[in-house]
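In the two complexes that follow, chain A is the common piece, with chain B as its partner first and chain C second.
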Partner chain A sequence: MDFLRYVKTLAWKDVRVEFRSREIIYTMSFFAAMVVLLFSFAFSRQSATSSEMMDVSDLSPGFVWVAVLFAGTLGLSRAFDRERETGTMRALLLAPIPRAAIFLGKSVAIAIMVLVVQAVVVPLVALFFDAPLFAHPLPLVITLLLGTIGFSVVGSVFAAMLLKAGSRDVLLPVVLYPILVPLFIAAIKATAAMLDGSLEDCWFWIRFLAVYDTIFLIAALWTFESLVIE
Partner chain B sequence: MSIDAVEVRGLGKRYGLHRALHDVDLDLHAGGVCALLGPNGAGKSTLLGILSSIVKPNAGVVRYLRAGEALAADASLRREIGVVAHESFLYTGLTALENLDFWGQLYQVEGLEQRSRDLLREVGLDEKAWERTAGTYSRGMLQRLSVARTMLHEPSVLLLDEPFTGLDRGGSQALAEALSGAVKRGAVVLVITHDLESIAGITTHVAVLRRGKLAFEERRASGYSFEELKDTYHSHSE
Partner chain C sequence: MTDSSRSAPLFIGAAVACIFGFGYTLSLIFYQTPLSAGPLYFNQKIFYYHVPCAFMLFLAVIICGIASINYLRGRNQKWDDVSVAAAEVSVVFGTIVMVTGVLWAKPAWGKWWVWDARLTSALLLWMTMIAYQLVRKYGGAGSERLASGLGVFAMVNIPLVYASTRLWKTNHPSANTVPSLDPSMRAALWFSVLLFTVFFILLLRLRIDARRAERRLYECREMALDAGIIE
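For the complex of A and B:
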């Protein structure tokens, strides 16, 4: 039980620091809102392709997850920069706690921030693209949660690993995105299937997300310590 | 679990082609302060990193001993170690009390609130500053808070890397007193510093590193004066 208590203490510390400064949340939310706004101008509701009309609400799953991916990466980078500036990541590694708890605490805090961004992005996309994203609330919430967990878990491992790298801001997306591609494809497919009303397909992709999250969570818990020790 | 000695044998560390440490042997005992001296790049901070368990050596071993028995290098061992480094190890978005509360929870410190307040008084931080975020602190205040953070769990091994940096005369005196207190408590204390004046009088063991190798080691129960430390440093570090 100590393990979970440490995870809670670590995550709560991050949340407290962030909700006091609101630096990351505001930046992420603003950036995500800008991405959605730009998409809404780039693709008007009824965009014409060569010969037929296309309903751009079909593209809204992509808009949601692209905005989340970019804004999330921004937050991820900054959240770990905070641990680097005053050496607190080193101090955490020196603390008499399981190092996996440090990883999980950071992941939970990042997941909370990404969920806040989603709370901004999803209604905006629904509004701008007239997409019925809230037609099936349960699959929507599960998809968002599983996508967020996967992003936070994989992102935290790579962000921690690159903490000492000189050009980590450039390197992070380069190493992170290829690993996240299956996660985001599954999240987009699940959201798209939900919009189409094909819930069977939606649940298939949700199961895929759950498997992805489980595999990467286990791998991350197993490898985190060896990745962060010099 | 209190550690009364640290034994370093054949320690080596490489960063790529650079050899940071080579075949270092060192014994640290409870009840004394060891001053680890040497020019920049001599490998002092690397040695401290290995002793604190955050850097893995390429060769050699570090044994933490209690009554002659080596202790397992696990998470509970880290509870016995306190580190003051170049960085403050503090969250600038949290107040002094919140910082100590956070670290105290991770180290499972009993009577945490009272202990935090006592320590903040000991290191000479004004009560008005306790509720201010650490981001508003001066370098010296941060260093005082950093020392309080390190002492919070009463470690039996204290590893300090340039702890006097940024401290005014009062702060240096408070830190020297805290170190003396730790020595009396039976702690193993290792200090890396170029501020020889601040550690004169409390140092009983001097080790000089040069280009990753132990160039000189000596113990004196009577301690070292500032002049003696300065002479030792200059004659063995160049």
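For the complex of A and C:
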């Protein structure tokens, strides 16, 4: 399968570039950690009657996903900026490979970076808010994976489209978040169901995430070709 | 030029029909339909404008999505004009829906806003179309492609948003406070829907023509510049 080889090569290129400088991963992870910290300042408060802190662990799915979403957006725009600065995108588009392969390679690379961020954020949230996030490892991993796939697919399409646009840093979240809302709801619901221990609900939302990912993967593959033309 | 000048009488006719139609809906709504029993009383009247505008919002987004797909396929500027016009009109109707909805919700539900599926999905749709406008305005060169992409994704997103928001809040607020409709109320509603559809088509056509004229003007200017007629 030549196509998969292209995807692998392109993704590997991005990952290698990233792991040499570690610029995006470090900044994204630090930013995500900072967001989690801000959440703890915003929502942790003492209960009125005793000196104990109130339990906000039920909010932790929201903390995880908002931190991931914000950090992911940061990473997305940086990853594509790097391509623009060095002219890599033009070279890639000129290369005799299908556009879909470029797109998928990019998405895979973004997904890997987001997964690294999640590896930082999830334990951090579990630690700070005493949330039993690791009680059901398998649904957790699947939810994180599907959420990441959806994010990187939709994110890569819009980031690639915005490559040439003016004020792209502001426009990326503007166009991205309304489209990501169903994914966001489903991911938070799945994680929350996991915390409650209602695995049936959790699997339902995981299926929803899978449907979302499939639909947008198809839409992205179909539109990417006509959207990114130099 | 010929195109729009020939259809001018039609436009004027449609506009006049809209004005009279609007007057007629007022009479229907205030004189011919019964006042709603219960706590809503007079506030229920807003429903005759709210619901048709919501229909038009969804219609506009779907038209925008289809036009965007066609534009991306063939790069025909005509489709781009349609998608821009539909997106703009959708923002107008979305704003009406939001304002009337909020005004209605306060007496009906006791709150300005509840996170009901219908409310949330309409809000998101409206926000997406505002994002479309932002992209158009600030995206710079090539923003029409980006905006078309957003239009396609927004249309694909409609069922997903609706499904996710409906399942998101299981403790559904009493959305069925809308009373079972009296026949005269139903007639008024459908007349209003008809009126808003005509109005919608009128607005859409006007915007498309304006876009076309704008582009033609630009082209003429370019040609004149090339020919050295103007500086």
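Rule of thumb we're sticking to: the second predicted complex is superposed on the first by the 218 of 230 C-alpha atoms of A that agree within 3 Å, B and C clash if a C-alpha of one lies under 4 Å from a C-alpha of the other, contacts with A are read in each partner's own complex, and residues count from 1 in each chain.
The rule is short, and it goes like this: contacts are C-beta pairs under 8 Å (C-beta built on N, C-alpha and C of every residue); 3 or more make two chains touch, one makes a residue touch a chain.
In this text, all values refer to a predicted model and were calculated from it rather than measured experimentally.
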On the A-aligned overlay, A:138 touches which partner chain: chain B = first, chain C = second, or both, or neither? neither
Partner chain(s) touched by A:119 [first = chain B, second = chain C, both, neither]: neither
Now for A:86: first (chain B), second (chain C), both, or neither, which partner does it touch? first
State whether chain B or chain C is in contact with more residues of chain A in the superposed arrangement. C
Would you check which partner chain A:181 touches, where first means chain B only, second means chain C only, and both and neither mean what they say? second
Could you tell me if A:9 is touching chain B, chain C, both of them or neither one (first, second, both, neither)? first
Applying the document's definition of touch, where does A:37 land relative to chain B and chain C: first, second, both, or neither? neither
Just to be sure I read the superposition right, which of the two partners does A:223 touch: chain B = first, chain C = second, or both, or neither? second
By the touch definition above, which chain A residues appear in both interfaces, chain B in one complex and chain C in the other? 229
Give the list of chain C residues in touch with chain A in this complex. 72-73, 124, 127-128, 131, 134-135, 138-143, 145-146, 148-150, 152-154, 156-157, 160-161, 163-165, 167-168
In their shared complex, chain C is touched by residues of chain A numbered 154, 157-158, 161-162, 164-167, 170-171, 174-175, 178-179, 181-182, 185-186, 189, 208, 211-212, 215-216, 219, 223, 226-227, 229
Could you please specify the touching residues of chain A with respect to chain B in the complex? 6, 9, 13, 16-18, 20-21, 82, 85-88, 90-98, 229-230
Within the complex, chain A is touched by chain B residues 49, 52-56, 75-79, 81, 83, 85-94, 98, 102-103, 105-108, 133
